[in-house]
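Every chain is named by a letter (A, B, C, D and E) in the order it is written, and numbering of its residues begins at 1.
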Amino acid sequence: MSRGGGAAARLGRRALRVCALPAGLVALWWAAAASSRSYYLPAPDAVAVTFAEVWFSERILADALPSVVRLLAGFALAAVLGVALGTAIGSSPRLRAFTEPVLEFWRAVPPPVLVPLLILLAGIDDAMKVLVIVSGCVWPILLNTVEGVRAVDPVLADTCRSYRISGFTRLRTLVLRSASPQIMAGLRQALSIAIILMVISEMFASSSGLGFTIVQFQRGFAIPEMWSGIVLLGLLGLALSLAFQRVERSVLDWYHGLRAATRGE
Amino acid sequence: MSAVLEVTGLRKVYEGGGRRVEAVGGLDFTVPAGQLACLVGPSGCGKTTLLKCVAGLMRPTSGSVRLAGEPVTEPPPDMAVVFQEYGRSLFAWLSVADNVALPLKEKGVPRARRAELVRRALADVGLSDAAGAHPWQLSGGMQQRVAIARAIAYEPRVLLMDEPFAAVDAQTRAELEDLIRGLWQRLGVTVLFVTHDIDEAVYLGQRVLVLSASPTRVQDDLAVDLPDRRDQLTTRGDVRFTELRARVYARVQAAKRGERPAPDPSAPPAPAPR
Amino acid sequence: MSAVLEVTGLRKVYEGGGRRVEAVGGLDFTVPAGQLACLVGPSGCGKTTLLKCVAGLMRPTSGSVRLAGEPVTEPPPDMAVVFQEYGRSLFAWLSVADNVALPLKEKGVPRARRAELVRRALADVGLSDAAGAHPWQLSGGMQQRVAIARAIAYEPRVLLMDEPFAAVDAQTRAELEDLIRGLWQRLGVTVLFVTHDIDEAVYLGQRVLVLSASPTRVQDDLAVDLPDRRDQLTTRGDVRFTELRARVYARVQAAKRGERPAPDPSAPPAPAPR
Amino acid sequence: MTGRGTRTPAEGGASPARTAAAGGAAGTAPLGAVGVLAFLAVWELVPRLGLVPGRYLPPATEVLAALAARAAEAAFWVALWDTVLAWALGLAIAFAAACLLGFAIGSLPAVRAFTTSTVEFLRPVPSVALIPLAVLLYGTDIGSTLLLVVYAAFWQIYLQVLYGVADVDPVAEQTARSYRLSRWSRIRYVTWPSALPYVLTGLRLGAAVALILAITAQLVIGSPGLGREIAVAQSSGAIASVYALVIATGGLGVAVNAGVRLLERRLLHWHSSVRTEAAA
Amino acid sequence: ACSGGSGGQVPEAGGEPVPVTAGVIPIVDVAPIYLGQEQGFFAERGIELTIETGSGGAASVPGVMSGNYQFAFANVTSLLVGAHEGLPLQVLTNGASSNGEQGGDFGAVVVPADSPVRSAADLAGAEVAVNNLQNIGDTSVRESIRQDGGDPTAVRFVELGFPDMPAAVETGRVDAAWIVEPFLTQALESGAREIASNFVDVDENLSIATYFTSAPIAAENPELIDAITEALNESMAYADANPDEVRRILATYTEIEPEVIERIRLPRFPAEVDRGSVTTVAELMVADGLIDAAPDWDEFYR
């Protein structure tokens, strides 16, 4: 087979992998919607038509774009915060013991009751919404970083100690790298949580945004429109996760290599 | 020569998981600066434990380790350790060359010199070709040689090696032995070298410390009175070499059988099996 | 006796990470049922790679491995492997006894017999005391012996061992050598044994395969015509032993220097192994 | 070789630094209490110093008093129980499903490849957007709360399981394969223990999310529980009450975490992260 | 809670009481139904009433649509939008109305004490908090501005929950807020200034919220719905006549502080929906583009 043919076949296989199950699920949805005729469960074709009407318009710029910007800002902030805090807490059992109950407390507070407090502290503008996103998606990053840092191989830690590698170098070459598989798991979790919290943050003190629009559709009983918004959220999640996968592949290059290597692939 | 390393009443007891093991049961010895001392002893007797205590990586249950008069509580500067678990002591995310270069970087060796040291160390252990590879792309023996290269590129003043040649073939092993001896002579390093190979201990060392089964004590402490210039053919053919080797072997066997250091440590040497 | 293990045109090329290594470069050999064959070769030549291909854990780039006529695509039944990375092949979450017992349980050995097998295997490797400990509470040599105990308790028909005695002391090593020979004689196991110790290869094996540097080929294939009853003192003292040992040593050195086997791959077959 | 230290046997023994830092099971509780006290002190001070109007953020003592007053009423405990019930049921279902699917799909790379796109599509769908659907399907009682709880918590645990399954040491895996351990045994004896650290992290994440969703669902739908109490207090402007209930919620979270930590010490005693910290 | 199973039963005096579930929001406006329950207006008619509280339309409309609630409480605008979107909603009776007092209504637009805003017209260019956008709040506030001679298109609205409004006004996070009780009293007592009674500006008899059910439920069990409507009407009349009773019952299902309960302003509880005011609201909504046309009154109102 020619090289081009091989690439095309690979692309085809990949497309099949990506689309097969969603296609099946949409078919199922169709069947369910057709049999239930429920007002709240429109058929996928109706949603598709609505999707085009609603989102192929200036709305995508006016509502979706600022939301996505806030989402990314919140995610980035949470990543920095989660990794920094997680590294500190993971490296020191004392600090962990000291902070854990308080952090666990905050982790269990639902955003809808946290938001009023944030409004009080940060106002009602973008800052508050970014904070809401941070407040929700920092946790998986933090927890995974803590666990990843705790699990640093003791032999490697001793190696660093014996060569007196400490401080920033140790952090960069030992701690963060060896915890990176778990940190990546946390970041991947956080990405979709960030989307969810983007919606939640816009349920409060908003007048525009993707989440706001969806909630507004829901309140206005514009059900196909609401579903089209949810579909958009899903697509956004899919796109972000694909982008994230690229980053992960390069960051965890060694990790996947190591795994494949031992199996002799 | 002033005693550089003093081990006094060193004891280490592992506790936990419903198990209590007295690994090191009261060790006393000193190693003068610039000496190359080999440690032999039965499997599981406490050699690794001892080495870790000396390196300041593990706190002894009691007793003390002093280096140049200072108590060792953390890894002292200019010390390099080759771990028994060589594979796990390499950074999987760094290339072989970066693994070797990392401690040098931390030590502040300028870039050009660093590159030169790394190049030479890798060449010395026969891994020039693998500089760009990741550790997990290497065979076990190659990984072990990377760990050795890292230690020698570091140009330490104290070198602790825990069975560093366990995974390499006989020929490479001989070359590495000569490499270590060369390094030791060139830099005047103090070396503590754990090995299971009795020939190797006698060939390499100025002195062989035989440890008893755990809780380990010093079963025997032999000076190796072979000439300083050694080479694989003539030294190993030397009658004195054979004698020393037989003596060490007998002592290790005694240790293995569970004999404790006799009040009189100068027991008659047993016949050499090999 | 019918050939139990046939390796034909086996090649393995590692690719990835911008590096391409032809580790095994076309191997052909057969091992009759019940033979104990030792593999020696320079570090990094491809012994582990070969063993993994034989074990069905790695797919060769080309060529094939057949066991009793069947192509090996996955680990065949009744096979035990002692990995070079013994530490990582133990399950940290199981006690030593459970590590040994797990494959037996999976094989369906009844509880009482299992307990007996585990007990005996641990006693054989000198770890009766450590049955309840976790692997990470053991020294390197002890861990390696757990891996060996697991393999022998399994009573396999094919036993693959990758430098299984690298981390134990000389005395223990001798005991384990005799243990393996005893097991082999008792059960008629087919054994492929990788080692760096040339004495060990000659002492243990019925046949020694010397591999060239990578991409590895069979450099030499020697029958070890020592009597079947061997013991550490007399066998190693045998003149024939010394001869064979010297021969293997010379071949390994040649391999290390990079000498390739004769250009004609269909070289005349080596002397019959048994 | 250079695996990650998660499951490999290693020498234990505490290094000096670790020993100094080791908390141990008994050592953590007092430190944690100090942390809580420090937090309460800051909370007390912020409104007292006027950084935030005390009307809208009552000082900690006032809120604790409100909590104490509530705790004297049976209704509070009934609400607490309702919340705990919805939470525990939802978490249990989500956990079981996520582990089952996670281990099954994670160990079948082909299936994993086929499901990834769908998973990534479904994960960011907010549970709150599903509330009308949930109410329509299950009414306003525990059923719809459960649906939301399970949906949200499931993804958290599932993703952790997937990463955990991928993190099995290949040498351990090969060992298991060479002894022909069946797929089930491999999962049971190799994959499951090596993935446990990830699973427990997933459990902790899922537990908190389940609690949040249980509360939120009760708050919005009005099924009985702490969430509904919060809704009532909120719409009455009873701010101290709201914060008192929030404390109760957070307290539940702390308790749940303590439970998982205990579980961790039991299940992961062999793991380097636990044993190096526990070493004396 | 639940279910549609009770749908087929007819209440009979002296027979087995029929379980009925109602969805409400735990606010001042629903005092009559609690009073009615307490006074036995429902029990008398063979109805065993369970009141469930939720946080508004998100649960109450689907709750009714799924047959989970036999009836529920929601504001008129939401119902108009729902009916416009084709949901078979039917209004049973009035829920709460403006008390018609200019400057004394239970909902008002307030500004911080030091605000330059003096009257509704000054709100042009300001940011005003309302609890829900595209709902009765922004619609009525725009009307206030229009009547005061200002430009209703120049005002910006932002969503904020009522409970968060007093703080937002006091700290100046928003320029103004449309607040209802009990938060109105809270805001006024912490210094906010009232500048408009937006309900009264729309219609001094404005029907703000109503009790509703769905057409299928009503069709399936007309007697039950009639009985419920009667009980509701009686409850409304009772509440309208006894404001002290309203204040008393508030202490049982809300957590409003007793002193605040004493001072808050109450809505009025006429039993009849004021058709004119609803029409006005519908027209305003059409003008604001929320709906295309007012729904057919006879279908909408049972």
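Observations on the structure shown:
Following the convention adopted for this analysis, a residue touches a chain if its C-beta (ideal position, glycine included) is under 8 Å from a C-beta of that chain, and two chains touch if they have at least 3 such contacts.
Every value quoted in this text rests on a predicted model; they were computed, and no experiment measured them.
Among the remaining chains, those touching chain A as well as chain C are B, D.
Chain pair with the larger contact count among A-D and D-E is A-D, by C-beta pairs in contact.
Averaging C-alpha coordinates per chain places the centre of chain D 38 Å away from that of chain E.
Chain A and chain B have centres, each the mean of its CA atoms, that are 49 Å apart. Taken residue by residue, chain C touches two or more other chains at 14, 16-17, 52, 57, 85, 87-88, 134, 137-138, whereas all remaining positions touch fewer. Each of the following residues of chain A touches two or more other chains: 40, 116, 120, 153, 155-156, 158, 161, 178, 203, 218, 257-258, 261-263.
Under the contact definition stated at the top, the residues of chain D that touch 2 or more other chains are 1-5, 8, 10-12, 15, 17, 56, 132-133, 136, 171, 174, 219-220, 234, 242, 271-272, 275. Taken together, the chain D residues at the contact with chain E in this complex read 53, 55-56, 131-133, 135-137, 139-141, 219-223, 228, 231-239, 241-242. Against chain C, in their complex, chain B makes its touches with residues 14, 16-19, 21, 40-48, 84-85, 87-88, 132-134, 137-142, 145, 163, 166-173, 196-198, 249, 252-253, 256, 273-274. Only residues 153, 155-156, 158-159, 161-165, 169, 173-174, 177-178, 180, 254-255, 257-258, 261-262 of chain A touch chain B when the two sit together in their complex.
Those residues of chain E lying in contact with chain D across their complex are 1-3, 23, 25-27, 52-55, 58-59, 61-63, 65-66, 68-69, 161-163, 166-167, 170-171, 182-183, 186, 190, 253-257, 260. Every residue of chain D that touches chain A in the complex is listed here, in rising order: 1-6, 8, 10-12, 15, 17, 21-23, 27-29, 31-36, 38-39, 52, 56-57, 113-118, 120-129, 132-133, 136, 155-156, 159-160, 163, 166-167, 170-171, 174, 197-198, 200-201, 204-205, 208, 211-213, 215-216, 219-220, 227, 230, 234, 242, 245-246, 249-254, 256-257, 271-273, 276-277.
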